[in-house]
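Below: the structure, in structure tokens.
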Amino acid sequence: MINSYLPVLVILLVSAFIGLAIIVLSTVLARRNPTPVKLMPYECGMDPIGGARRRFSVRFFVMGMLFIVFDIELIFLFPWTTVYDKLHFFGFVEMLVFVLILLVGLVYVWKKGALEWE
Amino acid sequence: MIELVWLIPVFPFIGFLINGLFGRNFPEKVIGWIGALSVGASFVVALGIFLELLGMPAAQRSVQKIVFTWILSGDLNVPIGFLVDPLSMVMLLVVTGVGCLIHIYSIGYMHGELGFRRFFAYLNLFVFNMLILVAANNFLLMFVGWEGVGLCSYLLIGYYYEKQSAADAGKKAFVVNRVGDFGFLIGMFLIFVTFGSLNYLDVFPAAQEKLTQGGLMVTLITLLLFVGATGKSAQIPLYTWLPDAMEGPTPVSALIHAATMVTAGVYMVSRCSVFYAMAPVSMTTVAVIGGATALFAATMGITQFDIKRVLAYSTISQLGYMFMACGVGAFASGIFHLMTHAFFKALLFLSAGSVMHAMSGELDMRKMGALSKKIPITCTVYWFGTLAIAGIVPFAGFFSKDEILFFALVRNPAFWVLGAVAAVMTSFYMFRSLYMTFYGESRVDHETAHHVHESPPLMTVPLMVLAALSLVGGFVGVPIFEGWHRFGDFLAPVFAPAKAILEHGHHAEHHSVTMEVVLMAVSVGIAVLGWLFARWMYVTNPSASDKAVEKFGSVHTLVYNKYWMDEIYDALFVNSIVNFSKLLWKYFDEGIIDAIVNGVGSVTRGIGELLRWLQTGLVKDYAYSILLGVLVVIGYLVLK
Amino acid sequence: MVTLQHYLFLSAILFVLGAVGVMFRRNLIVILMSLELMLNAVNLTFIAFSRYLGSIEGQIFVLFVMVVAAAEVAVGLAVAVAVFRQKGTVDVNEINLMKW
Amino acid sequence: MIPIPEVNLGGILPALVLCLAGLVVMMLGLFIRRGAVATAAVVSIAGVLIAAAANTPLRMMDKQAFAGLINLDAYTWFFNLLILISAGLTVLTSVRYLTDDGLDMYEYFVLLLFASAGMMFMVSANHLLIVFVGLETLSIAIYVLVGILPSSKKSKEAALKYLLLGAFSSAVFLYGAALLYGSAGSLGFPELAKYFKAGQISRMAYVGMGMVLVGFAFKVAAVPFHMWTPDVYEGAPAPLTGFMSVGVKAAAFAAFVRVFFQSMLPAQMNWIEIIWLLAALTMVLGNLAAIVQDNIKRMLAYSSIAHAGYLLIGMVAGKEAGPAGMLYYLLAYTFTNLGAFGVVALVGRKGEANVMIDDYRGLAKTNPFLALAMSIFLFSLAGIPPTAGFVGKFTIFSAAINAGYIWLVVIGVLTSAASVFYYFRVVMKMYMEVPETQPAELQFSPAMLLALGIALVGVLYIGVFPTNYLNLAALSVKPLF
């Protein structure tokens, strides 16, 4: 029982190590040239201080919508992975078709220019 | 020949198709003759079938020809076919014969009109539907024709649609007829429920088996069908559309609103004679409504100055006679009067049309007078028509009207009184119109007077044919002498079952010949009385009519305004229906509110106030409605 | 002890809250969120039953519901943006061009 | 190794073909510079025809596929065909519309095809999950289609309303499904049927049933779940409105009937009275409200509500005759209403500038054939013989009478007689009035003419020779019982 959670522990340790290593390395190695902009807390490109009711670009919505739609398809991948080894080639083809259809959607979105910021 | 019965409606339909779809560039004459000849061809076929029918033994004169099976699915079996029997034969002959004459007349009358092609296309379509109506072998097909003639009627009433009054009249006819059609449809469904079929030959022979004498079902069916008949045949209370229908071209008034379509109700009631015989309550209703209409419409005919409106009211009145005949069990007499009426009323309308033609479209009799010299043929045939409708021996109307009055007396003297009084009035107003139009001093404008001319032969020949028919048409039904009533004998097999039911338990009462003769003398006397009175008022002593107006001032105003029936109707029914839904579904301007409030009253107003918020355009309210529905549904399911 | 009834009760409350939100909130975005709440209440019911009945069918249903909900929200946002561009508002009470 | 259930791609081939056609159109449109709409239309029509060909074998089948999720039977066949007819005619009526307004919206056809595929899944479902997925595939596509007109405020508003209310009703439907699942342990129709037959029906199951019923009632626009209909029909592009009133409604009815007759028949006594009431309310309200409308699209919207009421009578009538009548009625209605909306789209001209009833004044003079066609469509809607609409009403009414629902039929007859008022109003305008200003010439396209011709022939042919189609309908409902 405990054994089955061992991989989780390993993942935890590895990720904690990598995360810490990046922070430590960057503080040790990076050159410092602070500007006010650089010192601002990071908030996805938004100005962190100011009215919360400020309008923001409709582009966010478009990106958000596309993200939701493509992201949610992952939900079908999870159950698939759990039985993938038992489905063999059939399962592979099924998922391939599914992903291809998503790909068509992606191509459409791309060609339409919905992924461009401007 | 009977095999070819399907050809009868097909010819006019072909005429309709040719004129309607391809006639755009045809010259008038071609269009007109295509129309007339297609109906003429039907008449020839009908005549051939008639002769063949005469050659058959009386008991076998009922032949059904199934053309094809329209609906055959599960327990639903609706074969489309035609029933040739004496009743439908009479109707077929009348429709095609009179129809053909009117078509020919129209070629002359409609000459130069803008929608000449449209007119003939509609007219042929009408004949087609009318033939379907009368030749059908089941109620459903009859209903097809019933709706079809209605449609053509509205289209033709509104023929001059640039005129607002014409368009309104078309709409009015439509609205009123829909009320009647409710009755027909529901009655038809009840027949279907009871018999599992709509075919005449399945339904009528089984009537006594499936329905109880005087029972609720048969009474309901007959009353509902009669509601349909009152709509189509312009009886009280649904008669208001017919006088307005005179907005249509005159040949239309002659063909549709006098000779054929409006008699469809009489035909339908006669067709269902077995049902009516089994429902005494309905019989009485039919007789009372018919008698009342005969009288009521006659009183209104007296005061009209528009020559076509006089004829329109007289049509309503004569239709009342026919229904009274059916109501007292004299179905054959009703049909007899239907036929003679078709002759003389078509004649009268067409001669009125001829007068209009001469008078450059003038309809007001006060602006006519002394036309007998200028348009002698028209005047002569108008005489024929008037004598016939007044019931003067030996014209056609005498025989049929007298017969109805006779049976009315036998049944209940009260009906006879209704009929007799109406007969006096009929005679009076018809002679009044005759004298006002053709005699006395000329009151014609100088402008018009110059153009007064007799109509072309294309119009006068049909008039003369109809005049001849109005003269001799009655001799097929000479009373008293055994075997001389050819018409009645011909129809007898159709009405035999109804007659058997009606006489069941009663002894066939014998009436002395003396009584019949006396009655005849009385009815002729009545007619002459009306005639003389009219003559006195409008020829001998022209100022008398004005005095009469003075003397009976208020009564005259009341009658002249048609008892304000139209206004009452509008207020009670037409507006309230439209406004009711407006109230429910629309915010409306202040002005309409008043009108509605008058019509609908406070109860509906309360409901309306609640409901008018419904379609607000707001999503939240729609969601609320859904949620409410959900709660009701769940509540019902949980509590049940 | 948390029983099936608790889950059902909770999800019923969430569902009603969502429904009330649809009817009484004015902001389009909030209404979309309320709809999501309703759908997730349904999901909760499905999961609870699935667990209770020991059948996997309910869980599969939930996966589909989630995908559909996402697609619906995406379209909803798109329409909301379009409406906002034309009318300059996302207040549903001001969106009633068509009525009666 | 998990046993993989039988994969019967042949059975769902019609839907697959439509999906594929949709994807192809989507890609083609991206790479074709000019005439994308025309190309898209051609590919769509080809897809519809191929799908129709792929559909034919279903008529003889009577089996389940995909582990009992999908029904392959005559019922599916019938509705697939109906959906394909409405999709095909809608494509034809839409072409002009999309090029006319300078829209280069080939996506319209993509969405139309996807929606049709969704409908096909919906009608073939043997499990509520499939019903749901089909329903949503169709709905989401339609939400977008309704709002597709870029410059029209009404179009956007309609999309918004439809989406919000559609999602709301979906949630209700789903909640009902969840409760049914909790009671029956499964949402497959056979399992549900077993549960209802066993007789131990819990309150929860009844509530679930009621909510599922509401979900369907919303889609078919039954009162009081109809309120979205007039607004959405008014705002949506006219050809699409036709598609919604016909295709979507048919698919919703198909699933409605399938679910309730195949799996909940034993509880009939409980739902039949609800549907009775819905039918009565729908007929009365739809017809009354239609009388006062001035916009022809709104008028036809209320008329389509009223028709949902007549169709519900068929459900109340039950047995085999009721649903069979509904199938015939839907077929008749498909031709009729698509024809009528085709005319509306045509007369509406550029940007739907002329959608008031007054805009039909004098049409008989300028375009006699068009006016005649419109009159026939309207007669059929009003149920005047010898059109298909009459036979449809007649069969449904007589089925209901045979089942003893006389009062419902009386309401039906009365309201349909009243309906003639507003249908005839348009006919009167066309034939008996003159326009105040001379309207612009109508722009006929070959595709539109073809569509109107097909619709007209359909209305008349199945009205005059209904026997075969009635039998077909009767045959198609057999698998349900």
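Letters A, B, C and D mark the chains as written, and numbering starts fresh at 1 in each.
In the analysis below, contacts are C-beta pairs under 8 Å (C-beta built on N, C-alpha and C of every residue); 3 or more make two chains touch, one makes a residue touch a chain.
Every value quoted in this text rests on a predicted model; they were computed, and no experiment measured them.
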For this session: Name the most central chain, where centre means the mean of Cα atoms.
Result: D
Exercise. Which pair wins on C-beta contacts, B-C or C-D?
Worked result: C-D
For this session: Quick one: report the Å distance separating chain A from chain B, using the average Cα coordinate of each chain.
Result: 82
Exercise. What whole-Å value do you get for the distance between chain B and chain C if each is reduced to the mean of its CA atoms?
Worked result: 63
Exercise. Which integer distance in Å separates the CA centroid of chain A from that of chain C?
Worked result: 25
Seminar exercise, completed: Among all residues of chain B, those touching at least two other chains are 585-586, 615, 617, 619, 623
For this session: Among the residues of chain C, pick out those that touch two or more other chains and give their numbers.
Result: 19, 22, 31, 60, 71, 78, 80, 92, 95-99
Problem set entry | Contacts with 2+ other chains: residues of chain D | 160-161, 164, 168, 230-231
Exercise. Looking at which chains touch, is this a line, ring, star, complete or other?
Worked result: other
Exercise. Name the touching chain pairs, please: which are they?
Worked result: A-C, A-D, B-C, B-D, C-D
Seminar exercise, completed: Given the complex, residues on chain A that touch chain C span 58, 61-62, 64-66, 68-69, 71-73, 75-76, 79
Exercise. What does chain D use to touch chain A in their complex?
Worked result: 1-2, 4, 23, 26-27, 30
Problem set entry | List of chain B residues in touch with chain D within their complex | 69-76, 140, 143-144, 147, 154-155, 158, 161-162, 167, 170-171, 174-175, 178, 181-182, 185-186, 189, 192-193, 577-578, 580-582, 584-586, 614-615, 617, 619, 621-623, 625-626, 628-630, 633-634, 636-638, 640
Exercise. Residues of chain C touching chain D in their complex?
Worked result: 8, 15, 18-19, 22, 28, 31-32, 35, 38-39, 41-42, 45-46, 49, 52-53, 55, 57-58, 60-61, 64-65, 68, 71-72, 75-76, 78-80, 82-83, 86-87, 92, 95-99
Problem set entry | Sites on chain C touched by chain B in the complex | 19, 22-24, 31, 92-93, 95-100
